[in-house]
Each structure stands twice: as structure tokens, then as C-alpha cells.
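Here chain A shows up in two complexes: once beside chain B, once beside chain C.
What follows is the complex of A and B.
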């Protein structure tokens, strides 16, 4: 039956190829919308959990690194948290603008002060990591290495201001300890990492203020109870588990998801219309042939199966092509969207998740097959004698 | 008429159509009987109700009133599935325009009703080849329907009609689309089939074809206007 359906579709190659391409475009759009609807959320979650830190502490009323706000007692608090047996790692983070000279020009750098004993911002790629108390070391990302030409072991100058007076006071000679991969760095950003005391010295900040604390909960402990306990311990600090952050992120993306859903539904509907229209034309053209099949003893169910098989085959071919087209367009669009300034490079808008892609493909196949239901029903119910009579005249 | 058992019997058939808002009475109380082994030609001018009668006799259409029974089974009492099954297994149809599936080969077209009847691939292939050989087209078995001439297509249609060993073969203007020579081949085929025991009911304008029949039923204005033994009448 599938072979017969394929042969029937091959009778009008150009028409069916064009329809197949139309279905492919609709399928590609649906696939992209499915990837877009959940893609950012999944990508965001993956990024937040990339080093296994499930809790973030930020200044009250803010999200981590959403503002430049800081909260007091950060390093002390992270030390207290590290002493909790349910917590396997915790580290405070403080950001600040740093500068260095490359030739005659002043190069701005995004500086991050970390506690090496509990940092969740980078992964070491080459060289050595910072160690607690290291006030002369620096780790750099590949973008900084490329721009400055710094190598592991080089001694370089860093300062915390552009004003010559300030720069002179705060300038430090530091050694490049290692090259790291920054997990939250945006495209074009040049990030360097130093220890918390060094960033304070470079940026001239006194006191124990930090922008964020990242907490990794031990394997045998539950995240939410730990987060709740930290909230009770530090009511002046915003404590969010990754699950909470994802939920807040999801709320922000509600309109985005609704748009994806609407566009996805429209594309599914367009696919159904294409298959349905094409099969209706095909059935109308072949009513005489169908009446003959009925006359020689092919059952109504047999006719329905034949028409549905054509719809399914057409959908399958269009959807197969649409899958490839969808992945290519998603990659292309992702390339454009992820260049937005300030957006972490690890964030993707279109994430091809196997389950979602499979669900979309099945929905398309089912819709394509069902799209043949009306033409199939018409074909099966066509009056045999009247159709044959019309064919003969 | 011989004493052979009645295979098909129709009583007081009426059928009315609406054409352009006007009622057309295609059949006005037609009663006919076809005995086993008969070769019946239904003739008459255009619009006399020949094809309508054939469609009703073959279970392709239902009469407004009257009854049709095949081998004693009243067709009007059957549902669509049962009627379709009877058409598949007990009747064969040949149409003026052949109506072969153009995407299939001659062999596959002949196999089609057997596949629908659930006959296995090997058996139906073998029987389809036998039938194509019977109609003189064994060398054309692998050709698509579109690659055959009109006469060849009609002979493939006859082979297809015989696929499930029907009790009765219906043909609606089987030579209508053929030239004299190829029409002749179909006539010869029908004669041979009837000689081999096949009961045939054929609607035709073709005098030669009608002359081959053992009996001719002449229709005029939806009524039987006479019945005469043909050249092959026993």
C-alpha cells in the first residue's frame, strides 16, 4: 500500500514536490518554534547548573548580576555556609571594571573576584588555578589571551580605574596563572579572574561586600530545604535555587512561549491545509479510478487507507526535509540572536531536545495523516455508479 | 430459454435521476433473469437505461424499487461491506474506459482484486500470469498500464475482472473506446470466455458484440422492449 501510495504521488512529481516543500517549510517553522519555546529555558538551566552550583545569593530584590548592587558580609557568609555539612562548596563573587594597557591603548576588562575554594564561574583549561589568598595571580579567558597576547607565566599590569592618579595607586602586577573557560561570559566580553581580596584592592572597595554567593549542595542533601535555611539565616539577602530562578525566568518568557505556540500551531495548520488540499485535488482527479476500485471490490476502508497512506507519505517526506531545514534555520537564527550584547555566550535560543523534536515530528505526521481524513472519506463515500457515469460522458 | 439455474434475477426495477432539476426515469419496471452460462447483451439507444440496469444488476447502484438477487441472495438486503465482498468475489467488471491503475504494471493490476481478497503474493502472481496468458498478454505483464494500447488495456481489464474467479462478468461498452480490430479481439475474448463457462452480461451499442450474445435484451425508455436469442443461442 505504501508502495502504491508512493507511485501515486509520483504521478504528479512537480506538484507534489512543491507541496512537499511547502510542508517542509511549515514543519521547519514548527520545529523551530518548539525548539524556541523551551530552548532558552533549558539552555539557561544547563548554564546555571554547569558547575553544579544550585543556589545563588544576591542583594535583596535582585537577581544575580542583574544589577551592580552588592550586599555586606559576603565572604564571612560563604565561610559559614562552607562549614555546613549539607553544603559541598560555596564562594562569593564580586565584579569590577579593570583595565590594562595593550600598546598605547587602554583595554577595559570585566574583572571577577572569586573565592577559589568555591568558585562556580569558570573551568580551568590550561595552566594553574587561583588558590585562596593568591593576591598576585590572574586567570584569563581565551578572548583576553587573544586580544592581549598574554601567556601563562606572563607578568602583566592591571588597574582598577582610568584616572591616571587612581590607576597609579591601584595598579598591580599580576601573573597569568591559567587560561579558563568563563561559563557566563557574553560574546565580545573580556573577562579576567582574580581572588576576592585582589579585586577589592584593584577597585578600591573596602568592607566585605559581594555581588553574589554561589552554593553547591552536597549530593545527599536536598536543595530547597538548604535554600530555605539560608533564607532564614540571612533574611536581608535574596536566596534563589536554580529551580526558583528557572521559574522566574519562565515567567519572563511567558509571552515568548505563547508567541512560539501560536506560530507553531499556525505552521501545523498550514501543513494540514497543504496535505488536505493536495489530497482533495488528487482524489477529485481520480474519482473515476476510485469508483472503479470500489466497483471491483475494494472496500471503503481500503480506499480510506490508500488515501491516508498518501497523506502520511507526503507528510513524512515533507517533515523529513522540514527537520533538516528547521535545524539549519535554527542554527542560523541562533547565530544571530546570541550576538545580543550582554547575553552569556552559553545561552542558546533554539535547543534541539530529542523529546520535543520527536513530539513535533509525531504531531506533524499525525496531522498530515489526519489531513487526509476528509478527502479519504469523500473518496470512500463517492457514489460508484454516478461517478462511473460521469466518467463515461 | 434453457432449464439452467437462474444466476441473477431482477424484478420490477425502477430508477429515477434528477438532471438539471428535472426527473428522468431511467428504469420503469424492468424484470430480467440471467441463467448460468448465458451471454446476455443489453442493447438500446442512448438514454434507454442500459448502463443504469447494469449498475443495479452489479450492485453498483440501488434501485428506487424492485429487487435484484444473485445466486438467490437479495442484494438490497446487504450492507455496503457485504455487497463489496460479493462484487470482489462473485462479480467481475469491465468498463468502457478500462480504468486500470496507471502506476501499476499489467500484472499488478490483475493482482489487485486478489490482494484485496487476501490471496497470498505467490498465488496471486501465478494466477495473474495465467490470466494474462489467457487474454494473450503474457509478454506485456511487466508493462505499465500507460504503456499498453487500448485493446491491450481492455484485455488486462478483463483479466483483472476474472482474477477472483467470479460467477458473473459485467461489461459496460467494452468495445466503446476501441477500433474495429482491437474491438474484434475483445469480442473473441468474450466469446471464448463464455464458451469456457463464464456468464456474461454486456451493455453495448456494438452490433457485432450484441450478435455474439446468446440473448439480447433490448431496452427503450427504461423498459424491456424485447428479448431475442443471439447467434450463440443454444
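What follows is the complex of A and C.
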């Protein structure tokens, strides 16, 4: 059956090659859209859980580091949380603009003040980590090391602004303790990490205000109960579990999800239309041949199966090429979207996953096979005698 | 985060002024002259303020997807409310005529500590980076769609012309010249492409209207999310006609080269 279908398709090489190409492009677009629809969320979730911190506390009504807002009592709260036996780590974070001098220019740096005993923002690559109470140490990312030429053990100057009271620059000499990999750093960003007291001193902030607290719960089952307890304990703070953050992220990326749905549907439709048109015309051309087959005893079901097999074969060939094309275009499109300003470098929009790829391929294969149903039905219902007479005249 | 709580209170010290955007006024049922208590964060001591104006917020594509509410304060009031007197996020400088913004910004930036100095053009360029990325993404998707539709169109045209082989055979047998048959088939392909383009433009117009109506209502904005410009229509029509003529011409050329008897037999 498959061999016969293949031979039939080979009779019109040009048109069937074109149709196969068309299906391949439609399949590629469908695959890309399937990857886009779910990829962002999975990539975001992976990034959030990369250090195992499942809860983020932020100022009420905001997402972590979405605004420059801070909330009071941060370090005290993180200390309280660390005392909870269900919580394995918790650390407060405060951000601020820092500067250093490179040549005769000031280089702006994104400064993050952390509590080393519970930080979830970076992974140490080389050297030593910060320790609690360290007010003379700094950790830097590879981008800062490359731009400044700083090495582990170097003593460097960091400043965080001017003190308006005494009109003097707030500056500290700090030692580079280690080189780290920042998990949420965006492309082109230059991030340095210091302890919470040091960033406060550098940026001139008093009080116990922080931008975020990250919480790692020992058992996944305890995440929601712990989040609920924190909400009760601190009603003025926004408690975001990973699920909450993903839901907020999903809302912001509604556009991409809807776009992927629309384009995915269109590509499926184009694939179906192509197979259906091609098979309809092919069947019309071969009505005489089909009537002859029917006259020599081939059943209607047999005719239907043959036409459906042609549709399936055409879709299968298009799918194979489409898969390769889809992966290539996904990589290209991902390269475009990941240049969004401020987007963490760890986020991808197109994540190839076996399930997604399989779903897209099966959807197109099923649609392509079913697209042959109408021409197959027409072929099977063609009146034998009348068709043969028409063919003979 | 600043939250607004409505208190229909007329007591206390002379309230300060706040202007709120129309959507927020509608959401909270506020009108000009109402008094609200504005907090820096939940639980903090609030400040009584009088709604002095309700305005239509400027539609900003950069923030529309965030769907956030906006309120405007006098700078001193907001700084006091935030507990950060004499702290600002940004300041604008108008230079004397003849001074180049780049040079001035560079010189200031070299000596400034605690803030960055950048020319407005650079900030505008950075702010529009998001849209440039989206635009590049749309263009890439557009190219893929064009490739798919081009192949689709080529295939359909090929089939369409091949469908006319009996007519072509008859025309050739009754003495119609090859050239005439070719032109007839080509014109037909052209017409099909033009009709298809017209239908496509109609569909695109309807989709753009639906998209704008849907997102306009969803984000309560008068921004246009989809534009069907004359350039796009022209491009679509030209592409369709060029592909139609190309495919139709190729198929027609193949057809007229074949002997009429062979065409008749194949028919």
C-alpha cells in the first residue's frame, strides 16, 4: 500500500516535491510555535529553580526586581525565616548602582547586596565566596572581569554615589574574592556582589530595607504551606512562589502565546489545505484509473486507504524535513528574542522538547492524513460505468 | 509599593494633591475633589491627598502589557511619601544652543558619581530596543510565512495550469497559436493571483481590526497593535502576482511544449 502510494506520488515529481516543501515549511512553523508556546515558561521555571529557591518575597504589588521598590525589616525577616525548620536557606537581597573607575572613565556596575548564608543569585566558579559580615569583599562575574581586568585577590575601588550631607563620594576599597556565574544576569549587564551591609554603606541607605528575600524550602510539599505562613506573618510583603511567578510571567507574555497559537493554527491549516488540494486534483486526474480498479474488484475501502496513504506519505516526508527546518529556524528566532533588553541570559523562548516535537509532528501527520479524507471519499464514490465511459470517449 | 486607599474623609490637615489616570479613577470610583489616603506600603502611615485631576494616560507601547495604574504627584510630595527627600530617579537638562549633547553628556558622565549622564537620543534608542527586537522577530516570522505561501502558491498555480491541459490541447488542435495559449494561461494565473491577493488583503484588514479591537479592549488603550499599510498591501499584491506569473508561466511553458495529442491522451 505504502509502496503503491509512493509510486503514485512519484508520477508527478515537481508538484509533489513542491507540496512536500510547502508541508515542510508549515511543519517547521508549527513546531516553532509549539516550542514557543511552552518553551518560555519551562525555561523561566528552570531558571527560577536553578538554585532550588522556591519562594521570593518582594514589596507588595511588585515582582522581584521589577521596580526599585524595597520593603522594611528584610534582614530581620530572613533571619526569622532561617530559624524555621522547614526552610533550608533564606537570604535578603538589595540592589543598587555602583561605579568603578576604569582609565579616566567611571564604569557603571549593577551592585547586588546579598546575605552569603542564604544567597540564590550566583554560583561560585573560582576563588572564595563572600562570608557573612564581610564588608571588604566582592564577587564578580566574567563580564566584569573581562571589562575591568580584575583578578582574584586584586584590591579595587567601588563607589556608590555622593553623600549630599558632606558632598563626598562614598567609596570603599574592596578585594575581589571570587568569580561567579550570575544566574539572572542579562546580556551586557555587569554585575558585582557584595554583602548587604556593604551595599547599604556604598549606596547610602539606612535601615533594614531590602528588595527581595529568596527562600529555599527543604521539602517541595512544604512550599505552599510555608508561603501561606509568610503571607500571614507579613501581609505587607508580596510572597511569590515559583507557580505564582510563572503565572505572572505568563500574563506578561500573553502576546507570544497567542501569536504561537494563531500561527500554529494557520500553519496546520496551510498543511491540510495543501495536501487536500493536491489529492483532490490527483484523484480527479486518476478517476478513470480508480474506476478501473473498482471494476476489477478493488473495494471502496481499498481505494480510500490508497488515497489516505498518499496523504500520510506526503505529510510524513514534509514532516521529516520540517523537523530539521523547524529546529534551525527556532534557533534563529530564539537568537532574536533573547536580545530583549534586560532579559536574563538564561531564558530561552524556543525550548526543543521531545514531547512538543512529537505533538507537533503527530498533529501534522494526522491532519495531513485526514486531509485526504474528502478526495478519498470522492474517489471511492465515483460511478464505475459512467466514469469508464467518459474516459473512453 | 504605593497603594491607594479611598477614604471619604474630610478631616485632618490640608491634603496635598494627586492626579490619577482615568482607568484608576474608574476602578476605584473616584472623582475630582475626592480625598484619598496614599501609603508608601501597606500598614505604613498614609498621607491624605485630594484628587485634583483625572487624566487620560498617554498610551505607551513599552508599558501597555504591564497593565499598571499611574498616579502623578508633586515631586516634593512623592519624595516625602517615599521617605527619601531630595532623591530623584532622573533629571533632564536642556543645553544652551550650540552645545553638542554627546560631548556634554560624556564630560558630565566622566565626573559624575552616583548617576549616569546620557543624551536623550541614546535613551530613546535604548527604550526602543524592545520594539526593534519584536520588529525583527515579526520580520523573521514574516519571511517564513512568505516562503510557505510562495511554495503553496507555486504548487496551486502548477496544478491550476495542468488542470487546463485539455483546453490547451483543444485550442492547439483548432489552430490557436502556442503563444496565444501561453498568454491565455498566463493571464489566467495572473488573474487568480490578483483575486487571491485581494481576498488576502480583505482577510488581513479584518484580522487587523479584530486584533486591534481585542487588544485595545484588553489593555484599555487606543494603541494600534496591527497596521495594514498601503506598502504592505502593495508588497502582498506584487509578491502574489510575481509568484503567480512565475509559476503559471513555468507550467504554461511546459504545457505548450507538449504535443496536443499527448495532452489530450493524458487528459
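In the analysis below, the second predicted complex is superposed on the first by the 380 of 393 C-alpha atoms of A that agree within 3 Å, B and C clash if a C-alpha of one lies under 4 Å from a C-alpha of the other, contacts with A are read in each partner's own complex, and residues count from 1 in each chain.
Basically, a residue touches a chain if its C-beta (ideal position, glycine included) is under 8 Å from a C-beta of that chain, and two chains touch if they have at least 3 such contacts.
Being a predicted model, the structure only gives us computed values, none of them experimental.
Peer 1: If chain A is used to align the two complexes, do chain B and chain C fit next to each other or clash?
Peer 2: fit
Peer 1: Tell me which partner A:61 touches in the superposition: chain B (first), chain C (second), both or neither.
Peer 2: So A:61 only meets chain C here.
Peer 1: Now for A:11: first (chain B), second (chain C), both, or neither, which partner does it touch?
Peer 2: Touch status of A:11: first partner only.
Peer 1: Scan A:289 for contacts with chain B and chain C and give back first, second, both or neither.
Peer 2: A:289: touches chain B, not chain C.
Peer 1: Given the touch rule stated above, what does A:384 touch, chain B (first), chain C (second), both, or neither?
Peer 2: In the superposition, A:384 touches chain B alone.
Peer 1: So, A:235: does it touch chain B (first), chain C (second), both, or neither?
Peer 2: In the superposition, A:235 touches chain C alone.
Peer 1: Of chain B and chain C, which one contacts the greater number of residues in chain A?
Peer 2: Touching more of chain A: C.
Peer 1: Once the shared chain is lined up, is A:277 touching chain B (first), chain C (second), both, or neither of them?
Peer 2: second
Peer 1: With the two structures laid over each other on chain A, which partner does A:124 touch: chain B (first), chain C (second), both, or neither?
Peer 2: Neither partner.
Peer 1: Rounded to whole Å, what minimum CA distance do you find between chain B and chain C in the overlaid structures?
Peer 2: 10
Peer 1: On chain A, which stretch or stretches are contacted by chain B in one complex as well as by chain C in the other?
Peer 2: In chain A, no position sits in both the chain B and chain C interfaces.
Peer 1: Going by the contact rule set out above, which residues of chain C touch chain A in the complex?
Peer 2: 1, 3, 41-44, 65-66, 86, 89, 109-116, 126, 129-130, 133, 136-137, 140-141, 144-145, 147-149, 151-152, 154-156, 158-159, 162-163
Peer 1: Once bound in the complex, which stretches of chain B touch chain A?
Peer 2: By the definition above, chain B touches chain A via 51-52, 55-56, 58, 60-61, 80-81, 84-85, 87-89, 91-93, 95-97, 99, 101-104, 112-113, 116-117, 160-161, 164, 172-173.
Peer 1: Tell me, which parts of chain A touch chain C in their complex?
Peer 2: Spelled out, the residues of chain A in touch with chain C are 14-15, 18-19, 21-22, 25-26, 28-29, 32, 59-62, 67-69, 71-72, 97, 99, 104-106, 108, 159-162, 164, 169-170, 235-236, 238, 252, 254-255, 263, 266-267, 270, 273-274, 277-278, 281, 284, 329, 332-333, 336-337, 339-341.
Peer 1: Using the touch definition from the top, list the residues of chain A that touch chain B in their complex.
Peer 2: It comes out as residues 4, 7-8, 10-11, 288-289, 292-300, 302, 383-386, 388-389, 391-392.
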